[in-house]
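Take a look at the structures listed below.
What follows is a pair of complexes built around chain A, which joins chain B in one and chain C in the other.
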Partner chain A sequence: MRGSNTALGAAGLAVFLALGEAVPRLGLVKEAYFPPTSRIASALWDEVTTDGFWSALGDTLTGWAVGLAIAVCAGVVVGVTVSIVPYLRETTASTIEFLRPIPSVALIPLAVLLYGAELKSVLILVVYASFWQVLVQTLYGVQDVDPVAEETARSYGLGTWARVRHVLWPTALPYVMTGVRLAAAVALILAITAELIIGAPGLGQEIAVAQTSQAVPEMYALIVVTGVLGLLINVGARTVERRALAWHQSVRGEVAV
Partner chain B sequence: MLDIRGLHKVYEGSGRRVEAVRDLTFTVSAGELVCLVGPSGCGKTTLLKCMGGLLTPTAGEVLLSGKPVSGPPPGMAFVFQEYGRSLFPWMRVGQNVELPLKQKNLTKARRKELVADALESVGLADAAGAYPWQLSGGMQQRVAIARALAYEPQVLLMDEPFAAVDAQTRADLEDLVRGLWRERGITILFVTHDIDEAVYLGERVIVLSASPTVVQEQLKVDLPDERDQLHTRVAPRFAELRTHVYEQIQAAKRGIPQDAVTKSNTPPLH
Partner chain C sequence: MRRLLAGLTAGAFLLVATACGSSDDSNSSSDKGSSSGGTTTVKVGIIPIVDVAPLYLGQKKGFFSKQGLKLSMTLAQGGAAIVPGVTSGQFQFGFSNMTSLMVAQSNNVPIEAIANGVASTGVEGKDFGGLVVKKGSPIKSAKELEGKKVAVNTLKNINEIVVRDSIRRAGGDPDKVNLVELAFDQMPAALDSGQIDAAMAVEPALTTMKLQGAVEIASPMVDVAPDLTVAMYFTSTAYAQKNPAIVKKFQEATAESLAYTDTHPDEVRQIVTTYTKTPANVLAALTLPKWPADANRSSIEALEKLSEQYGLFKTAPDLDKLLP
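After this line comes the complex of A and B, so read on.
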């Protein structure tokens, strides 16, 4: 079953690539704007043999990883604090609901004013966008604590910190993991966007350069790279999630009793 | 050992005032196994939570070895009805049993010893590495009992612990609890809605009235110490006692005070 699914997936991808090759060659679309697959592939090969590509990839991944790390730490710490300090949740709820929908890209002018075309500008956008994903999931997760588990912990004399560590955190973890997975995808989008628009070093800037210099196949090659990056990030996040939550009913599957 | 004096609990919330427990006074001596029975919804759980320091009573007090209970006391362990939610699914059985011990100042070696000993005495010596959800319901409740035993409490509070397991498992667990009680000399307060269970297990049965709760009757169970599922349950004295408790509960539901039903503390031998 699994094997046949993989085969179908591969077949679908092959058809897609073949169409990408055939459609421009048949003249159905302008080859100058939609180069055939083979030309994109050879442009991709040229790219990966240059040092500039790898340093751009490194810059993008740095912005992504550092931004995501900050957002996850801040989101979890703020989420747990807001939930366990009495009345803080009620006090902050409306502020969170107001700040959360502000699109991160609306902060681009601010980021440029503050830091110009530096990594810090990218970080502002990445952190702002992914922080809310983690925060909101953490808030939901903390609410999910089972009263019976909480009473059990209290009856055995577990203090506040021990209850946070042994009851609240494991309960919230599945939610936090979902938040991290969503945040990882959003962080990549914002990292590329920032580089593309602000001109901070990275794959986004390379795409902009390729576009302005009419290097259309190179532009597509870089777009393909960002797509592969997104795919790898998602697969990686799911793997981490499955490992960390082996005990959770969404992962453990059916058990023999 | 355990002194409940004039316990009164009122829940106040959003304009509604519910008097769950009106006035409860009784004692449990050291090493006794006492069963609390009452009609459903009579505030048994509220009472137990007040005793365990999880709820603050509106009036009255709970004394454990003469000291008033204001929060969960270290000498008390709780076994909940909902074993599936009371055990932590993210911890293995051994870790679940060990967690409460980490709050006590014990060496690692001593903790290991206590965990192994407790699991051994509930017959789950080889389950330490499993997750709770890999075990059957009855086995999960055994783990919860082991966790309570490892804590080395003076008093064990059990809140309808076997209400959610099947009848055969329930019989096994009842014998387990009686065995552990005789072996370890712990004071046990066992809350149940099952009259047969109360009479089979207890040295004394306290019958509670319907909510708002008072003590309807206290009854000494004069069955032999040596009890087993086959013979005890068909003994004529067992039938008398259970009939008596049943009548008391029916009276409690109709709201008839104890004196109107019987004046003696033990039902007469027919």
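After this line comes the complex of A and C, so read on.
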């Protein structure tokens, strides 16, 4: 089953790549502005053999990883705190609903004013965008705690910390992991966007330089790299999710009773 | 009690935010850049184009290290982001076109130009910027652009001014042209597909279009003045007052770099590959600008007059304050 899925996935990708080769070759779009797959592939090869590419990749991944780590920690801590401290959820709900829809990109002027074209600016955008994903999932997860289990834990005399650890956390974890997976993708998008627009070092800036240099194939090659990065991050996030939730029925895949 | 807690959390949040902000302020307000072992590192805000080759070449040739300077280039997206970066102290120096500098000065933005940046070649048809039409276009002169769609990278800036003036010089009505804003890198595709009738582009977009058969109908920057000073390096007034020695060193190193760059075109084409990704065929055909050691004041005055004529200034800029 899994084997055939992989085969289908590969076939789909092959068709996509072939289309990418054929469309410009047939003259449906101009080769100069949309180079065929083979041309992009050779530009990609040229890119990966330069040092600049790897340091840019490193910069992007640093921004992504640090930003995601901050967002996940903050999201979980704030989410749990807001949920278990009575009335705090109600007090903060409107504020959260107000702040959450603000697009991170709208904070670019603020980030530039505060930190200029540096990693810190990237982090502001990445953290802001991915924090809400984790926070909201954590809030929902905590809400999902079975009241009977909670009451049982209480009547057995478990303290607050023990209840968080043994009742709340296992219930919330599947939600949190979904939040982390979403946040991982969002963090990458924002890291690249920040570099592209602010000019902080990284893959986004390389794309911008290729664009101003009229280096069209190189630009597409770098865009492909960001796509591959997104794919790897998603696969990685799913793996982590499966590991962390190995005990959970959604992952065990056994028939629920 | 709970509200108090929420208040405290919010307060703590703000405190952290301001703490981060102020720690950054203290970094940038030290204003000297970081110095170690007699070498001062200064941040320069630039755009990754051929115009700034002297900085890279001068750095490589040791003209800056000789003065005890180390340049740290920050690539900005478009010159507009550089002026605020310099005034806020994120960059010690910046690269900007003359019109932007004059507009900033006329709005009392505290900046001063300190070293020459780049100049037009002054040769009609062989400048690093040009007004081009598509291959086979019926438009043969700038006059015929009346009622046509012409792309410039930024409206209300140097390229709009020079295009309007070229149309006027060719006998057309500069107010009848339909100018649209389009980034240089998008001009080749737009011209090719007929979305625009003409484009005012600089290198490397200009060569890209010419290689596709586009025809140059005017060299607007040459039309304004012979050897027009197109851009300069600048710093904030505050930085210049606090660090006159560093500014002086930067000026001397830049002057030496400009002179060297202007006489070594082959090395320019080589150094450009280290900070841009310009394709080899475009790079070989590129028209290099001129890099005179000093700004050409009379050309700047000509540009000022035109900019005023086309309504860019609320009050006229004070060139004595702006120029070195």
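Here is the rule we use: the second predicted complex is superposed on the first by the 253 of 257 C-alpha atoms of A that agree within 3 Å, B and C clash if a C-alpha of one lies under 4 Å from a C-alpha of the other, contacts with A are read in each partner's own complex, and residues count from 1 in each chain.
Heads up, the rule we're going with is that contacts are C-beta pairs under 8 Å (C-beta built on N, C-alpha and C of every residue); 3 or more make two chains touch, one makes a residue touch a chain.
Because the structure is a prediction, the values reported are computed rather than measured.
Student: Applying the document's definition of touch, where does A:A149 land relative to chain B and chain C: first, second, both, or neither?
Tutor: A:A149 contacts chain B only, not chain C.
Student: Is A:H248 touching the first partner chain B, the second partner chain C, both, or neither of them?
Tutor: It touches chain B, and chain C stays clear.
Student: Which partner does A:L158 reach: the first (chain B), the second (chain C), both, or neither?
Tutor: A:L158 contacts chain B only, not chain C.
Student: State whether A:E195 touches chain B only (first), chain C only (second), both chains, or neither.
Tutor: In the superposition, A:E195 touches no partner, neither chain B nor chain C.
Student: Mind working out whether A:D59 is in touch with chain B, chain C, both or neither, as first, second, both or neither?
Tutor: Neither chain B nor chain C is touched by A:D59.
Student: Counting residues of chain A in contact, which comes out ahead: chain B or chain C?
Tutor: C
Student: Can you tell me which positions in chain A touch chain C when the two form their complex?
Tutor: Answer in residue numbers: 30, 32-33, 85-88, 91-92, 112-117, 120, 196-199, 205-206, 208-215, 218.
Student: Show which residues of chain C lie in contact with chain A when the two form their complex.
Tutor: Those residues of chain C that touch chain A are 2-3, 5-6, 20-21, 24, 28, 47-49, 74-77, 81, 84-85, 88, 90-91, 184-185, 188-189, 192, 204-205, 208, 212, 275-279, 282.
Student: For the complex, which residues does chain B have touching chain A?
Tutor: 49, 52-54, 72, 74, 76-78, 80, 82, 85-86, 88-91, 99-100, 102-103, 131, 133-136, 147, 151
Student: Taking the complex as given, what residues does chain A use to touch chain B?
Tutor: 146, 148-149, 151-152, 154-159, 162, 166-167, 170, 173, 247-249, 252, 255-257
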